[in-house]
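Read from first to last, the chains carry the letters A, B, C, D and E; within each, the first residue is number 1.
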Amino acid sequence: MGEALLRMEGVAIHLGGREILSPTDLRVARGEFVCVIGPSGCGKTTLLRAAAGFVAPQAGTVALAGRPVQGPSRAAAFVFQDYGRALLPWRSVAGNVSLALEAAGVAAAERPARIDRVLQTVGLAPHAAKFPAQLSGGMQQRVQIARCLAQEPTLLMMDEPFGALDAMTRENLQDELARLVREQGLTVLFVTHDLEEAIYLGDRVLALRSNPTADRPSLAALIDVPIARPRHQLETREHPEFLRLRRELYHYLGHD
Amino acid sequence: MGEALLRMEGVAIHLGGREILSPTDLRVARGEFVCVIGPSGCGKTTLLRAAAGFVAPQAGTVALAGRPVQGPSRAAAFVFQDYGRALLPWRSVAGNVSLALEAAGVAAAERPARIDRVLQTVGLAPHAAKFPAQLSGGMQQRVQIARCLAQEPTLLMMDEPFGALDAMTRENLQDELARLVREQGLTVLFVTHDLEEAIYLGDRVLALRSNPTADRPSLAALIDVPIARPRHQLETREHPEFLRLRRELYHYLGHD
Amino acid sequence: QATTRIVYGYTAVTDFASVFVAVEEGYFKKRNLEVEPKFIPLNSTIPAAIQSDSLQIGGPTPSVYLQSVDGGLDHVVVGGGGLTAKSQTGYAVVGRAGTGIRSAQDFVGKKVGVPGLGAFLHVGFRGWLKQSGVDYKKVNFIEASFPQHGDLLRGGSLDAVVTADPFMARILDSGAGYVASYYGTFLTEGMPTILHTARRDWVAKNQAAARGFREALVEAAAFINKPANEARLRAIIGKYIKVPPEVLAKMQISPPGPVIVEKQLDYWVGLMKDQEMLRTDPKVATLIAR
Amino acid sequence: MAAARRGAPHGGAAVSRGRALAESLAVLLALLALWWLAAHARWLSPVFVPTPEGMLASLQQGLVGGELAGFTAATVLRMLLGWGLACAAGIALGALIGISATARAWIQPTLEFVRPLPASAVLPLAISIFGLSPAMVLAVVAFGAMWPVLLATVHGFASVHPRLREVAGALQLSQPAFVFKVGLPNALPDILAGMRLAMTVALIVAVVGEMLASQPGLGQAILLAARAFRASELFAGIALLGAIGFLSNALLAVAERRLLRWQHP
Amino acid sequence: MLRALRPFVFPLLLLAALEWWTRTIGKDSDALAPPTRAAQAFAAALTDGSLLQATAFTLGSAAAGLGVACGLGILLGTLLGLSRRAAGMGFLTIEVLRPVPSVALIPLVMLAWGFGFRMEIAVIAFASVWPMLILTQAAVRQVEPRLLEVASALQLGPAARFTKIVLPAMVPRLFVALRLGVAIALVVAVTVEIAANPHGMGYALIIAQQSLDPALMLAWLGWIGVVGYAINVGTLWLQRAVARRMGEQP
C-alpha cells in the first residue's frame, strides 16, 4: 500500500502529570483510511493532536512524509471535535471556508466556485451567508468539514467529525468521504465513537484503552478490515466480516 | 399516563425571517420519555429551547405543569448540545456540578456527598478536581449531564446528550437514565440523531422534518414505542417491534 | 534692515506693562522688531519654552530664571519688567478671620497658602520672616492658586495666605480674612519682579534686536511714568490681561525697571541662597546682556 | 507560541523563569546603557536629562539624608488606598451596570460625562468645595483610577457567553448569585487587566494630586525639582515611581497567575 | 418621553446642587460660579468662535496622539500576548516606564519640540500607549485557543494570522481599550494645555481661571465633559455597528 505517509514511533504523552498515551507505534500508508476508537477520555483526541503536531510528545517521534513533524502543516487538515469553537464567529459560512483558500493563497477570483463546491458536498450551499451563531450544531460541524476539504490536504485528520449528525446526513457524508479518498488518494486518520462507522469507513481500526499500564499499553488492538470497496450502507453492514469485526472490537472496548 | 406535564399548543418559531418550526402540538405526560429525531438543522434544538422557555415562540403557547412558561425554571433541567460552552471554565468538575446545588440552596455540608454521587453515576468521580479545559469532549458532556442530574428536576430536556460518547459509555448512561426515569418518575424530552437510541429510550418518538410548508408541517410523525420496560441493550434491539419501528422512522427521515 | 520676529511669553501680572505698551505704541516696530506677546499659564515653563525656541524672549520671575541658570540653562537677561516698591500694597499676607495672626512670630506652626512654592511671593515672604528673626522652616507652606485662597480661608483649610489683588480685595470685602502684614513694604525697594530673558546664542546672533528690545522698553517706561497716560495704560493692559473692568480699574501697577544691573540680580541671588534654593554661585556679571 | 495549550507546546520550549528574568533585565540594562550614552554624548541637554550616575547620586542623597523615603511612603499609601477604593467602586458600579438595565439608563450617562474631566481641572473645584484635605485628594485618586476597572467589569459582564446566561437561567440563579458565580469570574481576566491599569493610574493621579493639592509626597518633590531645574532630582523621583509601579505590578501579576489558573491549566 | 429623560436626571441634580451651593455657601468664591452663569458664558464663547478653534486643536492632537498609541500599543500588545518569551523580555522595561506620570515629561518634550502640536501628541501618545498595550495583551490571551490552532493548522503567516484571526477575535476588547484610551487622551491633552501648551481647550480654561472668570472656566469644564461624552457615544455606536457587521446576534 505504498510508503508510510504518517509514521509515529514510540509516541508517549503525559498530561497533568499522568501518562495519557503509553508508547505507541503507528504507520499510515498513503491512501489508507485508519479509524481510531476507544472509550471516552482514553486519548483519541490526544493521539490525533500529536500526529498533527499540536502537542509535542514526551517521548517518540512523529514524521509526515518522512519529515519530522515540528508543528501543524497545511498538508494535513484537522477537523476539531469542538466544532463550535473552531469556527470564526465573525465570518459567514462561506467566509469560514474561504479562510482555508486564503491561507493557501488561492486567487480571489477562484474562491467562490471552490467554496460553492465544498458547501454543496456537505449540503450547506443554501446557508452560505449565515453566521455560525445562526447554525445548528450539525451544520457547524459540516462547515468545519467543508473548510478542511477546501484545503485539499493529503492527510485528513478528523476528530469525531460526524458526531452531531443524523443518520441520513451522516451516511451521505460517509460515502462522500469514501469517494474523495478513492478518487483523490486522500489519507485519513479518523476518530469516532461509533464502532460501525469505524468498520464501515476504515481500512484498519485502531482501538485505544484508558489508563495504560506497562503490560496493558494504550494500543489495545490494530485490526484490518478485509471488506472490499466500494462499500454500501446496507450490504456492507450485513457482511459477515463486518459482523465479526464488530463483535471483536466490542470485546476489546467493553469487556477487555 | 397521568396529566400532561409539558403542553405545547400551536407553537411556531421564526428565526432569521424563516419559519423553522411550523405550528406544532405536543403533550408530554408526567413520567413519560419522549425522543425527538430529525435531520440536521430541522429544528430539534429550537423545539427544545422553546419548551424550556429560552425562546418565546412567534405563535402558540407552552405550559409546564399547567402554568404558562415565561422563561426557564429550575424544575426543568437542560443539557445543551454545545457542552463545551455550557460549563464554567473557571470551575472544576465538582465546582460545575456544585453550581446546581448552590442555585437550589442546598447546604454546603450536604453538597460534597451529592456531587460525588452524580459524578459516580456519569463515571467522572476520579476527575472531580479537573478544569473543563483538561477534559475530553465526552467527559465535558458528562459533566453537564451530572449538573443536570444534581438539579433533581422533574423535567429533563436533553439535546444530543450522548453525542460525543463511545458505545460502552453511552449504553451505560442510557440504562442509568432509564433507571432514574423509572425510579424517580422523571419526565424526559430527549433529542438525538441516533434512531436506535430514540427507540431504545423513548415511550414515544417524535420525528421532525426540515423546511416545513403548509401541507408538510414540521411534525412528520409521532410514534408510540410499544416495547415493555425495563429494556435490555441486546434483547430490545433484536425485538421485532424495534426493527419495525426502526424501518418506519428511517422511512420518515430519509425517504420522506 | 529686515525685521526680527520675536514671540514673547508673559503671565497674567501687570509687571509686563512695559512690553504691552511698547507693542501697542509701536516702539518695537520703530526698531524693526515684530513682537508677538503670548500668554503662558505657568511662569516656570517659560525657560523651557525659550530653550526650545518656541519663545525668543520670555518673562520669568527672578527666582524661576536664577534656578534655571542654576540648573544649567544658558540664558541671559535682556531687560526687566516691574520693580518692587515701598508703596506696594497690592499684595500682603492675609490671616483668617479670628486667628489673630499679626506679627512674623505668629506664623510659626501655622499653615500658610502661597500661590507658588519657590515663586516670587513665597521667596519674598520667607525673606520677610527671616528679616524679622523667624525661622521660616517652622511655617507650613502650602501651594494653592489665587482663586482658591478665599475658599480655603473660609473653609478653615489654611490659617493665612500670601495673596495679591484683586483676590485680596475680595477676601477682605467678604470678611473671611484681614491683612496681617503688608510685608512687601519692608522689602528692599527697586528690585525686579520680572526679567526679560533669552538664549545667549540668540542674543549673540541678534545683538541689535536685543538692544532694540531694551530701548523700546525704556521708551515704554517713560510712557508709563507719565500720569497723563494712566487711562490709556490701563486700556492696554486690559487688552492682554483679561480681567473684569472694575478689577482692572483698581489694579496697582508696579513701576517699570527696563534696565537690569548686577546689584539687582545680586539681591535675588542673596535671598535665594539664604533660602537654600541655589546650589551654585551664579556669575551675575555674565548673566546680563549689554 | 500560544497555539498549543494542551501538553508541551511545540516551538519555543518552556522558557525557564530564571532565563525570562535574565532576558528581561538585559533589555532594561540595554535601555539604561542607551540613556548613559545619550547623556554623556550630550544628545540631550543635561538641564533636562541627567546622567544615570547623577540620578543615582540624587537618589541616594534623597533617600539617606533627605525626605525622599518619607515622600515615597506617603505616595505609596495614597496610591494603595486610592486604588483599593477605585477597584471596589469600579467593580461594584460595573457589576450594577452590567446586570441592571435600570442602572445603565440612569447612571451610566452621568459616568460617561464625568469620565473625560481631567483631574487637573476638577481638583481646583474640589478644593474650593471640599477644602484641602488628604481625604479629598484620595477621593480624586479613586475617581481617576476607577475607569479601567469599571469599563472592564462592564465588558466582562457583557461578554458572558449566551450559553452560560442560559445555564444561569435554567438554574434560576438569583441576581447576586449570577454576579458572583458567573459574571465576575467571567469578567475576572478583564478586571485584572483593568486593575493593573488602575494601579498605574492611581499612582499617576496620586502624584498629580500631590502636585496640585500640595500634599507631601513624590509628586511635590518632582514638581519642585522640575521647577528648580534639578534634572537629577526629577529623575530620581521618576525612578522611584518606576520602582513603585514595577513592584506593585509584579505582585499583581503573581496574583493574576494564581487567579487565572483555569485559563492555562 | 420620561424614559428619554432618565440619563439627564443625575447630571441635572448635580448641577442644581452646584447652583445652590454657589449661590449660598460659596457665593464669595473666586473659583466657582453658578452653572446658569456658566451657560451664559458658554453662549458668548460659542458666538465669538473661540470655542470651535480650541476644541479642534485639542481633539486634533488627542486623535493624533491616540492614533500613535493605538498603532504601537496594539502591535506590541499582540506580540507580547502571543509570545511568552517576548512578554518576559519586555515585562521589566514596560512596568518601569508605565508609571512615569506624563506630566513629569512635559518639561522634557517642551525642550525637544517647544509649544504646539508635536509636544502634545508626544505626551498623549506616551500616556495612552500603556493602556492600549496592556489591554491588547490581555485581549490576545483570551482569544479562543482553538482558533489559534486553526490558524496554525492552516499555516497562516504572521500577518494573516493577525488580521484574520487575532484582530477580529479581540475587537470587542479593543473597543474597551479604545474607549479608555480616548478618555485618557482627552484628559492628558487638556492637562498638557493647562500646564504648558498655550493652545486648545485646557489653555482656554486656564486663561478663564486666571482672568477671574470662573463662569467661563466652568463653561469650558462642562464643554470638555460634553465633548468627551459625545466622543464616547460615537465610539459606542461604532462598536455596535462593527459588532453587527461581525455577525453578533442581538
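Definition applied: a residue touches a chain if its C-beta (ideal position, glycine included) is under 8 Å from a C-beta of that chain, and two chains touch if they have at least 3 such contacts.
It should be emphasised that the depicted structure is a prediction, and the values quoted were computed from it without experimental measurement.
Counting hops only between chains that touch, chain A reaches chain C in a minimum of 2.
Any chain bridging chain A and chain D, meaning touching each of them, is among B, E; the list is complete. The busiest chain interface, judged by C-beta pairs in contact, is D-E. Each chain gets a centre from the mean of its Cα atoms; for chain B and chain D, those two points are 48 Å apart. Each chain gets a centre from the mean of its Cα atoms; for chain B and chain C, those two points are 84 Å apart. One finds 27 Å separating the Cα centroids of chain A and chain B. Counting partner chains per residue, chain B shows two or more touched chains at residues 82, 85, 130, 134.
The residues of chain C that reach two or more other chains are 48, 51, 145, 147-148, 151, listed in rising order. Within chain E, contacts with two or more other chains are made by residues 26, 29, 31-32, 107, 111, 149, 152, 194-195, 209, 249. Put simply, chain D touches chain B in their complex at residues 5-6, 161, 163-164, 166-167, 169-173, 177, 181-182, 185-186, 188, 261-263, 265. Taken together, the chain C residues at the contact with chain D in this complex read 44, 47-48, 51, 64, 67-68, 70-73, 117-118, 142-145, 147-148, 151-152, 155-158, 277, 279.
By the touch criterion given at the top, residues 1-5, 12, 15, 20-21, 23-28, 31, 45, 47-49, 105-110, 112-122, 124-125, 127-129, 147-148, 151-152, 155, 159, 162, 189-190, 192-194, 196-197, 200, 203-204, 207-208, 211, 219, 222, 226, 234, 237-238, 241-246, 249-250, 253, 263 of chain D touch chain E in their complex.
Per the touch definition, chain E reaches chain A in the complex via residues 144, 146-147, 149-150, 152-156, 160, 164-165, 168-169, 171, 246-249.
Per the touch definition, chain E reaches chain D in the complex via residues 3, 6-11, 14, 21, 26, 29, 31-32, 81-85, 88-93, 95-104, 107-108, 111, 130-131, 134-135, 137-138, 140-142, 145, 148-149, 151-152, 172-173, 176, 179-180, 182-183, 186-188, 190-191, 194-195, 202, 205, 209, 221, 224-229, 231-233, 249.
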